[in-house]
Amino acid sequence: MLRIENLVMQYKTGDQALKNVNLEVPNGQVMALIGPSGAGKSTLIRCVNRLVEPTSGNIHLGGIQLNKLGTRELRKARRRMGMIFQEYALVERLSVMENVLSGRLGYVGFWRSFFRKFPQKDIDEAFRLLERVGLDHMADKRADELSGGQRQRVGICRALIQDPELLLVDEPTASLDPKTSRQIMRLICELCEERHLAAIINIHDVLLAQMFARRIVGLQLGEIVYDGPPDGLTSDVLTQIYGEEDWEATIQKVEEEENGSEEQPAV
Amino acid sequence: MSTSRNWKRPPFIKNPTLRWGLVLGAAIYLALAFGTMEVNWSRVAEGATRGKRFIAAFFPPDFSSRLDSISDGIYESLWMTVTSTVIGIALSIPVGLGAARNLAYKPVYYFCRGILAVSRTFPEVILAIFFVKLFGFGPFAGFLALSVGTIGFYGKLLAEDIEDMDPVQAEAIKATGARWLQWLNYAVQPQVMPRMIGLGMYRLDINFRESAVVGIVGGGGIGATLLTSFDRYEFDSAAAILMIIIGIVMMVEYSSGYIRRWVQ
Amino acid sequence: MFVDDAHRQAADLAERMVPPKWSYMEKLWMPIWDTLNIATLGTALAIIMAFPIAFCAARNTTPSKIFVRPIALFIIVSSRSINSLIWALMLVTLIGPGVMAGVIAIGLRSIGFCAKLLYEAIEEIDPSQVEAITATGASGAQKLSYGIVPQILPAFAGISVFRWDINIRESTVLGLVGAGGIGLQLDASISTLAWTQVSMILLVILGTVIVSEWISAKIRHAII
């Protein structure tokens, strides 16, 4: 469904963030993108919805070639791609509900959004999503009153209310504690399954990636160096992605986690 | 699935009586304010032609025909600006020290706060009116007015800065057995100095702008020249003066920004 | 210069100013009202005009860095360099004396101040919030109203109140050049050497300034 061909991104300073990336994500697949900081993970997903303009290459979503779109068509195409951000990126001074509804901005006109007169079905959907993530009682709280985990749930709702086909997720757990991180990752994966969404999840935490994604892509210095199942991440592969380090402990820990995961309480 | 739920943006002010009261109050105020504003529309219409002439006077402004009085005015203004900033800041240091709660005894504190309050309340122009009455027309009156204004501005900020300083550093120097003046020099001065230099530059900037104004009430400087050219409807000279003022302010602002960055 | 006898003159003047002519107060209510209106309406005018200028001047929202931004910055600098009294002087020559000249003078002087502080606030916003709104497919106007405006609203309110407080002070003297407000009475009383009226007016100005300072402190406290 998403097809990236020969994607190159070169910054004005001359640094190549992405060197000839080729990637295909079929419908409904949750894919984790791992790699060290600076590998180009963020740049890659930002090229997909063109928050960053790629230098060359093609990106297709469904039948549309994203990198050729004009402003108006681009806005339409962005509605089909929900994005979840690293530091939540909620508009802090707006209420939870307004933040969720802001996901519909691509669908409603300016004055309607200005007076917060969203269609009733959007409001119903917003309440349904907030209920799903357990925050419907907080609808009128201001976003900056929420905890990190709660904010990220609102961020998820904002992305889902767009009714997307693809989720672009940028380090969703970077500023969360380990327990909340897992809850958020589990929530994202469950929602993707419920709604048959494809997702690209940027994540630097190898453990979390292995726990939740069935396909892992490793990025190093703007090039794909691994593409395969989580259990293919051997010590050698990790060394190739992240550099020399003792990886045995990490791999072992994952196996223990997976054995013990039955006892984990549900979110 | 849950039934339809309504949602409205929560209002900024929760209490509806207060909210509508404020809206109504604002509406009544605006109606009254505009209602009591007497506008002589025929005079305003007449102004349109003058306005056109005035704007036309900017292309090109006439720097030459009043060159003597313009350069005299600028010279006076610059003199006033520099002297009043220097003297004003020099005088505001003892007052500011006295007005810092953590430094001065209560009677001294109230006395100095009083000086600051009085010199801050009245705009420089009103001060200038009185100094003109006392010392006659000319830049000396303007210089005094700006100096007093500087004391109020600088003294207050200095006092506040000293009150906000880190007490631990101050205590540490005191513990060495330093004399009061040594203590000021080693504990207080280093803490407030960078910010105060910046504020001094800022005040220089303000004083130049104000120096253009005290002339209107007889305090000398470029303001007097400007007033004369307006009174004579010499808009092209007035345009030249305004452009010079804007130019000098830009220069002062730019260089003060540079100095502030350099100090910090 | 008459510096030698200044102290005698000062004593003389002080003597003539005491006691303030309390009965003059009844003629001052209207000028106070005018002064208040000049400050308030002038501030409102300035804010309305400063808003678009600030967006043109901020690096991250300007439509064009080479063309629009320098113009906006020039408007800001010129507005700030010229004192409200000089603006008033010009406007009185152009549209005649009165409160309206005062309102416009205060407005023109305050545009630069408000726009400068506002565009600095715009440049300091968190870009990721705007990015998130962009990613939903929002239009330019929607990005402004959802991503940027909520972030600068507190700064905006603070700046308005701050400038209003300054403007109360400035509008007390605009009457000296004929632009309405209590300065008219001050000018008249000084030129007729009615010193007890002058001291009364100064007391009133003092009172107004103190009250406005108190109000603005209260409002700022409530906002933040």
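Here the chain labels run A, B and C in written order, and each chain numbers its own residues starting at 1.
The rule is short, and it goes like this: a residue touches a chain if its C-beta (ideal position, glycine included) is under 8 Å from a C-beta of that chain, and two chains touch if they have at least 3 such contacts.
Since the structure is predicted, the reported quantities are computational estimates derived from the model, not experimental observations.
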item: Arrangement of touching chains [line / ring / star / complete / other]; value: complete
item: Between A-C and A-B, the pair with more C-beta contacts; value: A-C
item: Central subunit by CA centre of mass proxy; value: C
item: Approximate Å spacing (C-alpha centroids) for the pair subunit B, subunit C; value: 11
item: Gap in Å, rounded to a whole number, between the CA centres of subunit B and subunit A; value: 51
item: Between subunit A and subunit C, centroid-to-centroid distance (C-alpha), Å; value: 48
item: Residues of subunit A touching at least two other chains; value: 98
item: Contact footprint of subunit A on subunit B as seen in their complex; value: 1-2, 4-10
item: Residue numbers on subunit A that touch subunit C, as the complex places them; value: 49, 51, 75-79, 81-83, 85-87, 89-94, 98, 102-107, 110, 113-114, 155, 158, 162, 168
item: Touching residues on subunit C, where the partner in the complex is subunit A; value: 126, 128-129, 131-139, 141-142, 145-147, 150-151, 153-154
item: Subunit B partner contacts - residues on subunit A that touch it in the complex; value: 95, 97-98, 116, 120, 123-124, 126-128, 131, 139-140
item: Touch list for subunit B against partner subunit C, complex; value: 29, 33, 36-40, 43-44, 46-47, 50-51, 54, 121-123, 125-126, 129-130, 133-136, 138, 140, 209-210, 212-213, 216-217, 223, 226-227, 230, 233, 238, 242, 245-246, 249-250, 253
